[in-house]
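First chain A sits with chain B, and in the next complex the same chain sits with chain C.
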Partner chain A sequence: MATNTTTVNGPANGAGNVGAVPRPSARRSGGGAWQRYVSALKRPRGAVGAGLLALLILAAVLAPVLFPDGYDDQSSGALAGPSAGHWLGTDELGRDILARTVFGLRTDISLLLTAVPLSAAIGTLMGLAGVIARWLGTGMQRLLDIILGFPGLILGMTIVLVVGTGWLALFLSILVVGLPMFGRQARAGLLAEQEREYVLAARVLGVRKRTVMVRHVLPNIIDPIVVNASVFMVVAIFIEAGLSIVGLGIEPPVPSLGAMLNTGARYVEVHPAYIIGPGLVLLLLALGFTLLSDALNKAVLRR
Partner chain B sequence: MLHDLWTGEIMIRFLLRRAPSVLLVIAATSVIAFLLPRLAPGDAAAAAAGPEATTEQIEAMRVEMGLDRPLVEQYFSWIGGLLTGDLGQSLQFNRPVSELIGDRIGSTLELTIAAMLILTVVGIGVGVFGGSARSRLSRLTADATNTLLLATPPFLAGLLLIIVLGVALPVLPISGEVAVLDDPVIGLQYLLLPAVALAVPMSAGVARLVQSSMHNVWQQDFVDLAVAKGVPRRRISIRHVVRNSLGPAVVALGMRFGDMLAGAVVIEMIFARNGIGQLAVTGVQNADYNLVQVIIVGAVLIAVLMQLMTEIALAGLDPRVRLGA
Partner chain C sequence: MNILPKTAAHTAATSAENDMRTGHETSPLLQVHGLRTEFVTETGIVRAVNDVDLTLHTGKVLGVVGESGSGKSVTARSIMRMVHSPGRIVAGEILFNGRDLRGLTTDEMRHIRGSEIAMVFQDPQSALNPVMSVGDQIAEALIVHGSDKRTARRRALELLEQVGIPDAERRVDEYPHQFSGGMRQRVVIAIALASSPKLLIADEPTTALDVTIQAQILRLLARLKDDVGVAVLMITHDMGVVAETCDDVAVMYGGRVVEHGPAEVIFARQEHPYTADLLKAMPRIDENGDGRRSQGLPAIPGAPPDPAALPPGCAFHPRCRLAEDQCRSDVPELSPRENGLRAAACWITERGDTIPPLEPADHTGRTTASGGRVTGIAVHPDEDTRGAGSDTSDSTGALQDLLVVDDLRVNVAADRRSLFGRPDPVYAVDGVSLSVAGGETLGLVGESGCGKSTLARTVVGINRPSSGSIRVGAGLVDASSPGGIQALQSTVQYVFQDPYASLNPRRTVRQSLDEALEMRGVPRSERAGESIELIRRVGLNEGHLDRYPHAFSGGQRQRIGIARALAVEPRVLICDEPVSALDVSIQAQIINLLETLRDDLGLGYLFIAHDLSVVRHLSDRVAVMYLGQIVETGPVEAVYSSPQHPYTVALMSSSPVPDTAVRDRERIVLTGDLPSPKDPPSGCRFRTRCPIGPLVHPERQICVEKEPALNTTPAGQRAACHFAGEMVLAPAS
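Here is the complex of A and B:
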């Protein structure tokens, strides 16, 4: 499933720490986090990626305005080719494919923008659990090892077996698949920062351990987590689409990009235009996040 | 180095040290898989017995499935069965799970082996090309191809291949399969598109790693020394840079094997190949727990073992990595 992460979670024992992303302790010069993220948008890749994403999100938000008939209007002939009324033709029930693609994009974006940040937050907390108690930190890492043992789609199928198909299963699949990545990243950052002089200084001055964590360590390890979150967006898109394509996605008639590819694939020989719309939008969405994550990675970590 | 690695006690010590965490992951997976029918909403026995079953039939099914016994006892009898080769009975096909898997494993193996070969060749090839490109144009081409492929999931590549090479120019079959061992010529034709679709998008990640590590190796002092000595660039590239850049690629290949299995599930659906992936999907759709449990444990087992072998291979390739460390 995950075909593209710039970081490879190295072997658990650290036999080879080969991630492309440098250590989170990399020195940075001045500027708040926000400024660093904005500077990513000034890079060509960042600008193109952010522009693409802005356009797609805008379309998703405006879907009900752009297509007042909604995604389930069956008043036209089935499986018609592209025409002036239906730019991408109609699907097997006579519904406008373009309208369904944009509403499908809405489903995908709503999943991404809720599940990925939540996954990053929970994963980071799991990675930092060692601050409360050493055993808790180790226990969390073992738990993440177990999750990491599951290939993404297999984990998704396991979740579908428990909660049934639908939005919740997709949401949980994305959430859980992301945890190991964020958890390991946070722990690696924590272990590196703990040794630094400023932490020692704060501790010597009598600042409480948790205050040191929240006020000093967390801001210093947040950058790689933000970069990874943008990388993971692409993985999350593929999880939604993968589960949907095998028929374990969102429940009809609600469209999602993956669910449309699932039905579209059945008519690929008679109506190839069917999968081109959702396929292209999915590609652009993934491309937007890929470009943005590249730019973020360079701007934030490679100073 | 390799000789030491395989014969020495370092290897044994390494395996012993890694054993607890590997066993923990596998044991935990088996518990999760075991608990699945018990976590799912509804009564697994009633579901298995069918919609028209009487109360007695459901009770009989409960006894047959062993659901009336204590949980711990159920778990050990299930895991004991798995270890002795008794994988249980599929609820939807009413046949032994081992037979169902045996019938289809060949198809999935064919696909993953072919895809792994393509992934290795294309990933490392494109990475080395991008890493040794000197002109701005060829670097840009390598970068653009890479970014585009990174954003292309295997199923999208599959659908595109179907449209171009199956529908528009019907040169290759797009649906079904013939075992390569039965008829190599026809079998390979059926295998080509799915394997390419599965491998090529993943190869972008591998290529990118090779390229960035080649970039780093070119900055090393030993490369400067070789240049100063007057060693031809091509020779430096092959003998020194490429060899030292493959570590991350090997790790990526091994770590991605699990993803490749997962990708195979989707590719099998798209190309109508009758493999384990399809079996798993119908199993999930029909709540065939006995079947899906085995597939989950098997997939995790293979993925975890591949990760372990990756670490060993990495140590063989890069003398700086020591298993004992």
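Here is the complex of A and C:
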């Protein structure tokens, strides 16, 4: 144990040795995954984004508590302006717009938080399929190319045709539209990682393919996929809104932000508060994800 | 130069003389005074260049030499005023032809750049625009500075000829991808010369090139200096390149110039311990006798400092064997020595003390853990007293082959087929046989593209052989037989070139080692103890185990890479350029470590490198590869003292030697580039570049018609040449 007395100045010393231009050697990418994700929340954008999202999610979760009457109570007059009873007024059927906005938010968040992660997961697996067999990998890519070949709207319409309108159709639409992006990204990551010397080193050691994948490839390609997933959240919001606008959205009377915008737009001249409420919430939701993905991008992907 | 009187005390008078001396000659083209460049980072201000003074006269070459982080490149960019935010030049003056460049407006500076000062970058690949023909790129430089299209094109052609591009008329309209690396660098130089600049700043212009190409480019730069009268500021890390090309040298360390003076003077005797020790730490191609098994390289301990965390006082003091209290607290100024002929920034030599010659490191090389002045990590106390020469495998005499490669061919395009499924083979390795025994090192040298890495990767199973056999282990089991793969994985391991890429950034050192131990079948409970032993064996300690790779310097990472390879207790290590990505002062540490491990553990090495000096130092036998085949192989001494194949001769004479005394030696500079392995020349593959082949002796048709066999030559080694031994290496005198 005599070696313990040796002074080692290495770590603090070495990190900045690469390249001629000095770089901040303090925190570089590498090391514990969670720390890096947590550090994204410490950035101003990350904190604001995460705070905003936390607030919105909280509201969505607490919707039945906040509005015990539900989104379907038609006890008031139609298209009433803002009042003490109805802060944003009522819609064409006399339902409280604020309550419907919050319940609509609930619909959107339930879609986003399930469809997007699932899309990222399935897409990633499809992208990595080449590990099992070369033909499988190529086949998956062609499948993704086919999906990419159809406009999102056509895809959505096809899905509606099969499963009917409603939450499930929106969920599947978001999921399928996301697949090519995640699948291709994972594939590109895989191809790059396969040639990395640490992957080769593991192969030379005789480590099994599947283990190499889980230990060496996946952890090194997952970060950009997570960042992309957070970006895709915003895209997914607009998929929901878009499908709702063409009438392929959620089945009434269940509200969704997109569907409310769609109807609200018809009354924008007589009742501007109708569209402002859900519009603003949608904006905040998109803003929250944008800020968060921005911070993640900076904190996690800095190599 | 060493007969110059050495004055003990330096006073103001010497600096006055100094002024007179410079005043004597024409006024300098470039004069940098007290240059200071800083970068503002999250963690504070990083002083990348600190109080740098440089002087460069027309028609001269000034070499700025230093390791990574020494500030040499930032200095070059500061002179060009190309330091971008968050960097900024905060002090000093940059006098170019008497005008201070710092005082110029952006527009004025833009005019100077390109027309009066031009720059050549390290990587010709990224310095050229891939979607513009080279002619247009050269012309662009001229048009920007006010020439019309027709003249610009004519001048572009002229320049291409001037930088030695054959068939310039045709090639002027080609695109960068149609040029080889060396040719691209010539194009880059042509662009730089387009508007006849007075100063050429070359930032590591040959680092990305092979030795034979490097020799061509260095020769070109030297010729241009004389023909065009341009002054060259050469930024490099390679003392060999400096010795070959520079008139004056400025050695940088930690953002400061620590020593400068005429090249001959500095290479003859050093006034700064860093320069002195760095030169000693480099293996020499002309190293005589048995460098191997006798002494390790006298390595400088530790690593170059992080510019963001420079030590107080002299930046070199933590690694300096002469450091005193004053060195630790006060920064030494650059003070003139020998009547202002040279200058150095060192407290020790300033008061007249000389630098004592460096003791050769004991071969075990254990002086060099990772920093600090670590002496003797007693891993195996019983082995410490062992003489370096008394290696077990040596004493028993007969070496046991542990890796035998026989007539190996590798088609690197095996899984690539042309559109209609026609196979389109490219044999990167074409009939190579070699063997490695325990305790010995086979050095494999060759230029990039010769197939040496493909060979190595095929041996460990990353690439698949097309034909031939690989046998491993004590029983020489065929690697392709059932069970052969296990024999291979437990016998042969690989040390990679790039220490920044060979460790998974997401896994701690312990996790990396555990994975390897797991493959050896070490039970979980014993892995911790084994890891500690491994990490100590490579000169680190258990405190390093739970850190991530980003916390380590290049040299330390390479040690971890070696520890991981050792974890499966292999008998043979394949070292693929293990030191070429490291700083010069770190290379010696890793070479010493590899030597120690080989001798302690009786490992056999297949040591791949393009650096002939390193190979000479470490190897028992050497094999020279050219275009997928071995052209010469034999004992190191035989091959290095009397190379028989003209390619070997050319390689050796092109290899830069860090000594100005041999700069005028005769060099064989090969013409052209390595042909593509896709379509190798008929007969002898070297004939398209051979200085004694049909290029100069048209009657030698045998070289075109008949492939030479690897025959034993009178000198003792084997060489594949019809006229082996005809070409002789000029003795370095």
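Quick note on the criterion: the second predicted complex is superposed on the first by the 272 of 303 C-alpha atoms of A that agree within 3 Å, B and C clash if a C-alpha of one lies under 4 Å from a C-alpha of the other, contacts with A are read in each partner's own complex, and residues count from 1 in each chain.
Keep in mind that, in the parts below, a contact is a pair of C-beta atoms (placed from the backbone, for glycine too) under 8 Å apart; a residue touches a chain by one contact, two chains touch by 3 or more.
For clarity, every value in this text was computed on a predicted model and none was experimentally measured.
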Touching partner for A:220 - first (chain B), second (chain C), both, neither: second
Contacts of A:149 with chain B and chain C, given as first, second, both or neither: first
Which of chain B and chain C A:83 touches, first, second, both or neither: neither
Which superposed partner A:35 touches (first chain B, second chain C, both, neither): neither
Which partner, chain B or chain C, touches more chain A residues: B
Contacts of A:138 with chain B and chain C, given as first, second, both or neither: neither
First, second, both or neither for A:204, with chain B first and chain C second: second
Contact residues of chain A, present in both the chain B and the chain C interface: 2-4, 6, 8-13, 15-16, 18, 20
Complex contacts: residues of chain B adjacent to chain A: 17-18, 21, 24-26, 28-29, 32-33, 36, 39-41, 147-148, 150-156, 159-160, 162-163, 166-168, 201-202, 204-205, 208-209, 212-213, 247-248, 251-252, 255-256, 258-259, 261-263, 265-266, 269-270, 277, 280-281, 284-285, 287, 289, 292, 295-296, 299-300, 303-304, 307, 310-311, 314-315, 318, 321, 323, 325
Touching residues on chain C, where the partner in the complex is chain A: 39, 41-43, 46, 48, 68-69, 71-74, 87, 302-309, 318, 369-372, 374, 377-378, 457, 460-462, 485-486, 489, 492-494, 496-498, 500-507, 512, 515-516, 519, 536, 540-541, 543-544, 547-556, 561, 564-565, 568, 583
Residues of chain A that touch chain C when the two form their complex: 2-4, 6-26, 28-33, 196-198, 200-207, 215-216, 219-220
Chain A residues touching chain B - in the complex, by the definition given at the top: 1-6, 8-13, 15-16, 18, 20, 142, 145-146, 149-154, 157-158, 160-164, 234, 237-238, 241-242, 245-248, 261, 264-265, 268-269, 272, 275-276, 279, 282-283, 286-287, 289-291, 294
